[in-house]
Amino acid sequence: MATTLISNGTVVTASETRVADVLIDGERIQAVAPRLTVAADRIIDAAGRYVIPGGIDVHTHLDMPYGDIVSSDDFRTGTIAAAHGGTTAIVDFAVQDRGGSLRGALDGWRRRADGRAVIDYGFHMIVCDFRDAVEREMDALIAEGVTSFKFFMAYPDRLMLDDGAIFRALRRTAHNGGLVTVHAENGAVIDVLVQRARAEGHTAPRYHALTRPARTEAEAVYRAIALAELAGVPIYIVHLSSAEGLQVVREARARGVTVLAETCPQYLFLDDTQYAAPGFEGAKYVMSPPLRARDGQAALWDGLARHDLHAVATDHCPFTLSQKAAGAGDFSKIPGGAPGIETRMSLMFDGGVRAGRLSLNRFVEVTATSPAKIFGLWPDRGTIAPGAIADVVVFDPELEVRLDATALHMRVDYSPYEGMVVRGGPVVVMARGEVVVEDGRFVGRPGRGRFIRRAARSG
Amino acid sequence: MATTLISNGTVVTASETRVADVLIDGERIQAVAPRLTVAADRIIDAAGRYVIPGGIDVHTHLDMPYGDIVSSDDFRTGTIAAAHGGTTAIVDFAVQDRGGSLRGALDGWRRRADGRAVIDYGFHMIVCDFRDAVEREMDALIAEGVTSFKFFMAYPDRLMLDDGAIFRALRRTAHNGGLVTVHAENGAVIDVLVQRARAEGHTAPRYHALTRPARTEAEAVYRAIALAELAGVPIYIVHLSSAEGLQVVREARARGVTVLAETCPQYLFLDDTQYAAPGFEGAKYVMSPPLRARDGQAALWDGLARHDLHAVATDHCPFTLSQKAAGAGDFSKIPGGAPGIETRMSLMFDGGVRAGRLSLNRFVEVTATSPAKIFGLWPDRGTIAPGAIADVVVFDPELEVRLDATALHMRVDYSPYEGMVVRGGPVVVMARGEVVVEDGRFVGRPGRGRFIRRAARSG
Amino acid sequence: MATTLISNGTVVTASETRVADVLIDGERIQAVAPRLTVAADRIIDAAGRYVIPGGIDVHTHLDMPYGDIVSSDDFRTGTIAAAHGGTTAIVDFAVQDRGGSLRGALDGWRRRADGRAVIDYGFHMIVCDFRDAVEREMDALIAEGVTSFKFFMAYPDRLMLDDGAIFRALRRTAHNGGLVTVHAENGAVIDVLVQRARAEGHTAPRYHALTRPARTEAEAVYRAIALAELAGVPIYIVHLSSAEGLQVVREARARGVTVLAETCPQYLFLDDTQYAAPGFEGAKYVMSPPLRARDGQAALWDGLARHDLHAVATDHCPFTLSQKAAGAGDFSKIPGGAPGIETRMSLMFDGGVRAGRLSLNRFVEVTATSPAKIFGLWPDRGTIAPGAIADVVVFDPELEVRLDATALHMRVDYSPYEGMVVRGGPVVVMARGEVVVEDGRFVGRPGRGRFIRRAARSG
Amino acid sequence: MATTLISNGTVVTASETRVADVLIDGERIQAVAPRLTVAADRIIDAAGRYVIPGGIDVHTHLDMPYGDIVSSDDFRTGTIAAAHGGTTAIVDFAVQDRGGSLRGALDGWRRRADGRAVIDYGFHMIVCDFRDAVEREMDALIAEGVTSFKFFMAYPDRLMLDDGAIFRALRRTAHNGGLVTVHAENGAVIDVLVQRARAEGHTAPRYHALTRPARTEAEAVYRAIALAELAGVPIYIVHLSSAEGLQVVREARARGVTVLAETCPQYLFLDDTQYAAPGFEGAKYVMSPPLRARDGQAALWDGLARHDLHAVATDHCPFTLSQKAAGAGDFSKIPGGAPGIETRMSLMFDGGVRAGRLSLNRFVEVTATSPAKIFGLWPDRGTIAPGAIADVVVFDPELEVRLDATALHMRVDYSPYEGMVVRGGPVVVMARGEVVVEDGRFVGRPGRGRFIRRAARSG
């Protein structure tokens, strides 16, 4: 197998920062040490650059059906974009059909990804029809490496499950080692607000945000945590967006509950003033939860720095402007979601490390190490260490990265960060020992990505 | 009309404590002043005693249907017992039938009470079938003096309404001045716990408490408050039982939400060790929420003292031991509720004032003044002041009161406080200017009590 | 003795609001009741007006020496101004000399006040030289009606006492029933900041505020409370100015410590942008603590509404502009203090009641009832009740009050509120049964005010 | 230079846990990787064992003068004991003389340690006489590698400095990169309590604890943090002992202040019931702060797990029983301190990792990595990584370690943990590449330890 030596870089992990060479032999890292004097098939000079674990994005929706349409990136285009951005593994979501089995959903999603993805991928399972048989099936899925399950507290009549179902699932994970994750918004309240807004003739995109106030998130967060606390198991909150929600997480952690929570770059960099854009512009930012008030962002950054938030994922779920146009006359019909799989690492580096909000180590931890540990990818991934899979990024802290749609690789015709330039980005991206992106060019092979069988919680 | 002079007592209101005479002319207080030198039809010497506003119990269930049975006190026996205990007005609950109107429920409950009650009474309306028409009907009820509405977050399939319904009702009160009250327990979670306990063959009364942990209350309290906050209106939590729930109330108040909350003597004086009683004894204490761990009681007392809890009511809902026996083989079939309408004032005086946990003024405030202000009985009731209705109690701080069932007047064959003796109790109880209890003898007339048309919130 | 009937007003106390007549016989209130049909020497029609207890200002510095000068109001001019503003009793501060006795200080201050004051007055004792003999002398002072003692945590070398002295005094009050009050600012830190500012050539008034940041107050508040908690006694914080300090009070109360705290109108209405005024203008606002950032004011108002702050006093300590000029070249030499004794009631009514931040009852409570209860003036003062001393104000909620220096009566040539007009003010002010101000005219007699022997804490 | 290969162990760092070989070449680690196939002078089989960074104890007092006596371990005996316990570097305290220079103190302490210590050592500087010259001298010390300074808030007349001095020192560190650490107890209050206890004839050791209640620590912690916040620099709290103090740290961190805090095993494993021992037994536990109530220990463990506490050090300061006897008739004369340098790693492993309170990684972090990072020993020490100094411990998780005085190597005739057996201890201890302890035998050479020039804060 081919060997690669990344020399002279500053190797950064969740706890270390030191100049060292990294020797890769086939799919795995063989050695990390200063001045490795070995022969290698290829030598990459990383002087003045960081050598970091490839990003792990544990919240993506590629090729996802949404009514009659699907999200505009499939597993090929989406993972190519991910690789461009320095992300070398994702965990996407398979969605159970109402009446269907979890297994059927997994099979369907494997078919979408297998043969297309460029980087490795796992799946969470979205449960939207919880029956006794489905509860039992959770154990089987875990045995196959799908060890986390997502439940919606929003979208009644479509995805939402009641507290009893979520509570039963949580209790099940006490025995099978699965991890329950939740989309925490109070769907019933939001529905009342949406219906009322529509009845009053409000159609503009900004009503999407106005009908999903932050307290609807904080409420659902409190409730989800209470269910987990009653079941005696950990819980993971996806895409936490508000200072209000974070406060609930904090207080729960202070009373000893194991709450894990993720936020996304959009909640750290964008805010609800976007919805004031004229015409239908705001539709670009229609996602759930919506963007929040700017003055809550400092709390989210602080939550990341102080270990109250544990992961940064993207909720990448792009729709083109023509897809978004389905909601031109009714904000509640706008497909919800935005692109982000490619921009996460650069945004977090610039806004986190360069801006002094996160240490280099914490940047690595929230973008790779911690997601890997939480979702059973560890110790294979999420670090630079001998024996680990060689998902490695050579990251240039001075690289200018334009976040315009035309400069990016996601299959969508707009960027939420249009016009923005950040500093810090990947110059070489290796996935399982192969270089897939180099100096901004994709050099990998679609279909080389493999399904990741993730481990269950042991503790 | 007859005049009565209560002389030389120490008149206590929510803010005053001073020796004064109280002159009553007909149904109202005419004067309060030291050494009133006036003629009166009757003079009551209150030297060495407190003259306090009659207690107002805003949480009772008299003559309440529960499956095939009814609570064992009707409006005659229950209000006689109330009067014995120093309570001179109650607010009971009318219960909407599923499919029925609020008006129909009110008419039914008026029929139960009119002609039987000894003291004046109002009604809250329990809404258990929320439709557009019912939402509109709330306004009409308020016009008739039923200005508060109770919603259950527990008991799915019977009483529970979803968050959307409660939220709509809350929004309605922004305009009609009503007040929403909630029974805050997470019914869905509790149902899972109950079904599982039964499936595992657990039948004993103590499983009632084990299947309703305190966090199920705290969760529902957080949720109810969030709904009110989103609606921009006050909310009232009935029978708050746990330190966990109180903590949620506190934090909400600290962030500026108008949360009002009530607790009951059983949560201040009794604890969950009662359920460890042998055999079926624990059934006496089957109520919802259940009794809690003793170490939370100090927090509840502190909440009363520091204005985080605002009222002490009883949730009086007695069932006889033979009625309780319906659940002999299945804890979930035990009729839930316990007697308390008669013992509230003496318990609160002894455990509150004598024990140094509440000032005299705060004792009066939480048992009479504050309930009157919250529920639209003010300024007619809840104080001793010229012009107010003459609901007045001469209270002897040294009176020994035995809390045995045989010593009390409630129509139920046990007492939760059997064997307990407290100090402090009424020696003369006047309701609307008439003495109804004197030295432990009932001297009133059943049927003299009147329906109280309560005022809506103005603010 | 003369009798006065105040008829048809809305009598407001800390818990009651009702239309009633108030009959005053000599120095005391004889009756409060609707439609009193009695003869009286004088009848005052209060229809459409509030009849409230006269304000009690527990923090004034009249005729106070400050280096070579004295505060510009003496006990005659200051109490006349107080009466104009609706205040009928004050508690001023006697100041112990270093080396001197408490008794000597009291005698000296009695001489300043006796024969001059128009309304009744008590004294706190400022202790600035704490020795064994002084500790014992505290008991004697209490016996004479000086039941509260103030300690400075600021002003090293002049007034500041160390934690050991304050702690000893606190312990003493566990036995003698006195109440310790503190000026809570960290003097040592402030001194470093002041010296450094001066060393850097900063002379302008705004450096007064910049060298006393809010955390220096919060720190001293935490410390003072800890000392009281360790001593097992209550403590009273004077002139709390910051949200940071309030947060400390709140948390201490939540853990069960009896902390009482006062704020002043200047901290509720004015903010630190005043110091940006050109030239020496900012000197008008040089006081300690200084004015704070505007965004903390909401917290203070909330603290008053929710019983975390208990009294509103003025810290009235006026200096004329020519007196202020002593610090023209050095901010640290500006005499600290500002006028306020006359404007408190109108400001609190307008900004509190009219603005919806305080209920009418709470307005009365924080300006009169609660100060009376805390400082041993109760039950004689602080309420409208038969038997109480007739300190009564007829208050017109619509009266326009101009806060310009020329419109006010304090002996000082500027107003911190120049140009401001508020609504709500006294039309008749009665002190001990005599009208002293009527329709803006002073009709009382200097020297009629008497020394108030205050009661010690009983509890 | 000699090479050593530690093979087959589980290498644990602050973020990694994986089976790997560790190659040491001379004083440094050369490689860490699975299955290193290299020749080495010595091969140590670590199968089934952890290979961890040597412990770093940043709070010791060896050869410390205390009145007429000195602590019973000198730099030879103390560091041998440290090595036995798996600790390979310490930071001890040099103490400035009143009137003396910092440089003089450092020289004196270098003389005590040089030529005697077995492992490497640095010094903090205790400042007890703060003058302008001393403030300037701080910069010089930092240039020599003494980058942290300790200030006492307790022990007036001996060590305590006032808030102004500490504040000035903190401000200085904003420029020179030093770190201020504090002993946080309110010395003035404690002195009053001690004097009073003595005046009442209380002489027994338990009065040591009774006169230093937890709130005196929490107060000082709040104050110290406030000073740092005002100065805009980090601060480090040594030997935090109480849940009350931790709560203050938590709240400060939540508001964004960089507070770092250390606790010690004695506060996690022992409690104040020790002082109830008969006779003079309690003297063994006389240390400051004293042992606390058992129910606060869970909070401290939680603080370590959740990153609110950052380091575990020992405050090793042993005195023999005959030295302790100086306080036989007066608790305040008992030399304060206890042994601990040898027992830290085993206690923390057993009570932390084995008991499920700390992850393996967090155990390493709080005993080595985090102290190294905080005090400028990083990246040379505190981790297992190529290029780092070879301070490495082979740690057997099943080793039984008896904590009796006779089984330990500290020069003191008692153990606070007498009779206790824990599991987990070092089997091989390497310091700078040399084995110094092996299978419980000391094989090192006194005097081989070197002075560590520590780095200043960069951030």
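Letters A, B, C and D mark the chains in the order given here, with residues in each chain numbered from 1 onward.
Criterion: a contact is a pair of C-beta atoms (placed from the backbone, for glycine too) under 8 Å apart; a residue touches a chain by one contact, two chains touch by 3 or more.
Since the model is a prediction, treat every value here as computed from it, not as a measurement.
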item: Any chain in contact with chain A as well as chain D; value: none
item: Chain at maximum distance from chain A, centres defined as averaged CA atoms; value: C
item: Whole-Å gap between the CA centroids of chain B and chain C; value: 40
item: Length of the line joining the C-alpha centres of chain A and chain C, rounded to whole Å; value: 57
item: Chain centre separation in whole Å, for chain B relative to chain A (CA means); value: 50
item: Residues of chain C whose C-beta touches two or more other chains; value: none
item: Overall pattern in which the protein chains touch one another (line/ring/star/complete/other); value: ring
item: Residues of chain A that touch chain B when the two form their complex; value: 162-164, 167-168, 171, 186, 188-189, 191-192, 213, 215-216, 218-219, 222-223, 226-227, 229-230, 251
item: Chain A-facing residues of chain D, complex; value: 13-20, 30-34, 250, 253-254, 256, 302, 306-307, 365, 369, 379, 383, 385-388
